[in-house]
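Letters A, B and C name the chains as they come in the text, with residue numbers starting at 1 for each one.
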Amino acid sequence: MSLSVVLFLVFAVLAIGAAIRVVFCHRIFHGAMWLIVSFFGVAAIYMLLESPFLAGIQLFIYIGGVAVLTVIAIMVTKRVMAPNQRTLNDPVSAGIVALALFGVMVWMILSLPLPMAPTAPVIEGGLELLGAALVDPQGFLLPFEVVSVMMLVVLVASLYLGRER
Amino acid sequence: MADVDVIAVLQEAIAGGGPLWLQVLLRVAGAFGMALVPLVSVVFLIWESRKVIARMQDRLGPTNAGTPAGPWAIFQTVADAIKILTKELIIPEGADKVVFIIAPVLVVAVAIAMWAVIPLGPPETGLQVVDLEIGAFYVVAIGSLAPFSMIMAGWSSRNKYADVGAFRAVSQIIGYEIPQIMSLLVPVLLAGSMSLQEIVASQDVAYAISVPLVALVYFLAMLAEVGKLPFELAEADSELVAGYFTEYSGMMFGAFYLGEFINAFTGSVVFSLLFLGGWRGPFVDVVPWLGPVYLLVKAFLVFNVMNLFWASMPRLRIDQVLAFNWKALVPMGLVVFLVVALTDKLMWRAGVPEGWARAAGLLLSNVVVGGATALLLVWYKRRLMRRRAARFAPAAVPAKAEA
Amino acid sequence: MIHPYALVGLFLLVAAIFGVAPQLIAWYLSPKKPSHRKLQAYESGNPTFGETWIEFKPQYYLFGLAFVAFDVEAAFLFPWALAYHQLALYAVVEAILFVGLLGFGLIYVWRKGWLTWM
């Protein structure tokens, strides 16, 4: 058991444990806080995978963006709901759907040929290569530009939906 | 017991050899040392700010009239710190205890965490905890954790004013992160690296000279991020009581205040690293330890420019703050980033040599963009004036339409 | 040699300690005399009335969403900026297209007046 395996287990338990807490939390705001802890766990795992840039992205987009947005949504809509109102009308159907989804995901993951050890060596200067690949027509140029279109849609559509009437 | 040459063992440990526990110990000591830099600096800077701003506003600021605060009250901050540490910590009834307490801890922890990558001097002096190859990005990533302490403080206080204050502060902070990142990307672009040491090393011509518009955008965005006037609505001293930290007392309040000053200082240091050449200066290659001196002097100057703003500007409202960000700073940040990237690449194609020639070219591009923006604003203002005149003089309009 | 990422982790720990320490010191040094008045929410000296409640403003959320859109944009520009010196001119043009698309979106919502804060 090398140090990196131990650390990985620690952070994995943290990430999953926090995620479970998110679901079972009584107060929804605490749930959001646990979600952030879970994101931190994932960021730590990225660091273990020798990818500090991805860890930073996790911090900066997931925590700094998505989590903040989620919390704003919670804070703003919580006013509309009474504190302990049950929002789930039909727990049985919800449970069936959730289990089915879980089953599909497990089946997909198990059907992938997973390598048991890392096969790709860590490349020095990997980020520059990524940058070059992003604009390479034989590389990821199309997805790169499509991301921009997607963000355009997000921006315009959401502001349209929320416009003052 | 055998004679151990302590100095030799220490030197070996610093160089990277020696027993592991000694290396770890040294690193821990170094980390503590680096973490103390912002704290100690802030003690001085809080006093200095109060004095300087007071003088700018034609008053005296803290003096030692009758109190044991030292000549010119230099121990004022220490006295304030002692006072605040002994105040009762009141947690309001309905407050969410755990979150309420974590918020001030987070504020200070995040503020200090940024110092992991700050190089105080050239690599020979080893005055940096880690030179991460993603240094600049690390600063951005840690900075993006800032809104959380505000949300946590505002929400857990269960107080309307704190809530509103938190929302507004968060909107401001996340908004201004965009121009901050776009302008930070320019030194990264020009240096070809995110490592702060390499960005400093690549500044044969300081970026504030070759791309002043970018430096301006970064400075303004940074002002908003740390919450200094005119972007001070998070505190809003005379409006929402104290904004999102209304319900905090004692050191918990002190933590927010401390965090703000540390962030302001960190922002000045990062600005100096990115745009003012950091620890570079005359004779640094001969005497590397001059490096931190230069850096601190530059950061001090930037910090005092912020004080100048603080002393003289009124506070902007939330709608003005957001309008300025999304309608002025973000477009400017995007445009100037693209223009700089394009200009540098064109110069590279044309074979312009590195150094002063390239810097001049970039400066020219900045001036062009700045000039175009100025013209655009003037034209827009004229149009606005004309429209207003037309509204108040309707008789004139049909005459013009006929002619 | 100690791994640089371990050093980062170490420093984060140190930073956390520096965050907790002042609170611990203050908790030790400060008096603890809670009273009903002190524990109430602050409303300029008047007792609070009604549940603490603020208006529902979608603007907060929308500006956050706009932020996320540009955030993702910026994240993609970091690797591009690193590779900049090895890239040809057309790569810059592509980046202009990338940023320009979203910039166009910004101008569009601006002109439509959806960027105003109430």
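Couple of notes before you dig in:
Note that in this section a contact is a pair of C-beta atoms (placed from the backbone, for glycine too) under 8 Å apart; a residue touches a chain by one contact, two chains touch by 3 or more.
Keep in mind that this is a model prediction, so the values were computed, not measured.
When chain centres are defined as mean Cα coordinates, A lies farthest from chain C. Of all chain pairs, the one linked by the largest number of contacting C-beta pairs is B-C.
A comparison of C-alpha centroids places C closest to the centre of the full protein. With centres set at the average Cα position, the gap from chain A to chain C is 17 Å.
Per-chain Cα centroids separate chain A from chain B by 29 Å. With centres defined as mean CA coordinates, chain C is found 14 Å away from chain B.
Listed for chain B are residues 132, 137-138, 163, 167, 170, 174, 177, each touching two or more other chains.
The multi-chain contact residues of chain C, meaning those touching 2 or more other chains, are 8, 53-54, 57, 60, 64, 66-67, 70-71, 78, 81-82, 84, 87, 95, 99, 106, 115-116, 118. Of all residues in chain A, those touching 2 or more other chains are 52-53, 57, 60, 64-65, 68, 72, 127, listed in ascending order.
Touching chain B in their complex are the following residues of chain A: 27, 29-30, 33, 36, 52-53, 55-57, 59-60, 63-65, 67-68, 71-72, 75, 127. Interface residues of chain B facing chain A in the complex, by the touch rule stated above, are 96, 98-99, 132-134, 137-138, 140-142, 144-145, 147-148, 151-152, 155, 163, 167, 170, 174, 177. Across the complex, chain B is touched by residues 1-2, 4, 7-8, 10-12, 14-16, 18-20, 22-23, 25-27, 29-34, 38-44, 52-54, 57, 60, 63-64, 66-67, 70-71, 74, 77-78, 81-82, 84-85, 87, 89, 92, 95-96, 99-100, 103, 106-107, 110, 115-118 of chain C. On chain A, the positions that touch chain C within their shared complex are 47, 52-53, 57, 60-61, 64-66, 68-69, 72-73, 76-77, 79-80, 127-132, 134-135, 141, 144-145, 147-149, 151-152, 154-156, 158-160, 162-164. Residues 5, 8-9, 53-54, 56-62, 64-73, 75-76, 78-84, 86-87, 90-91, 94-95, 97-99, 101-102, 104-106, 108-109, 112-116, 118 of chain C are the ones that touch chain A when the two sit in their complex.
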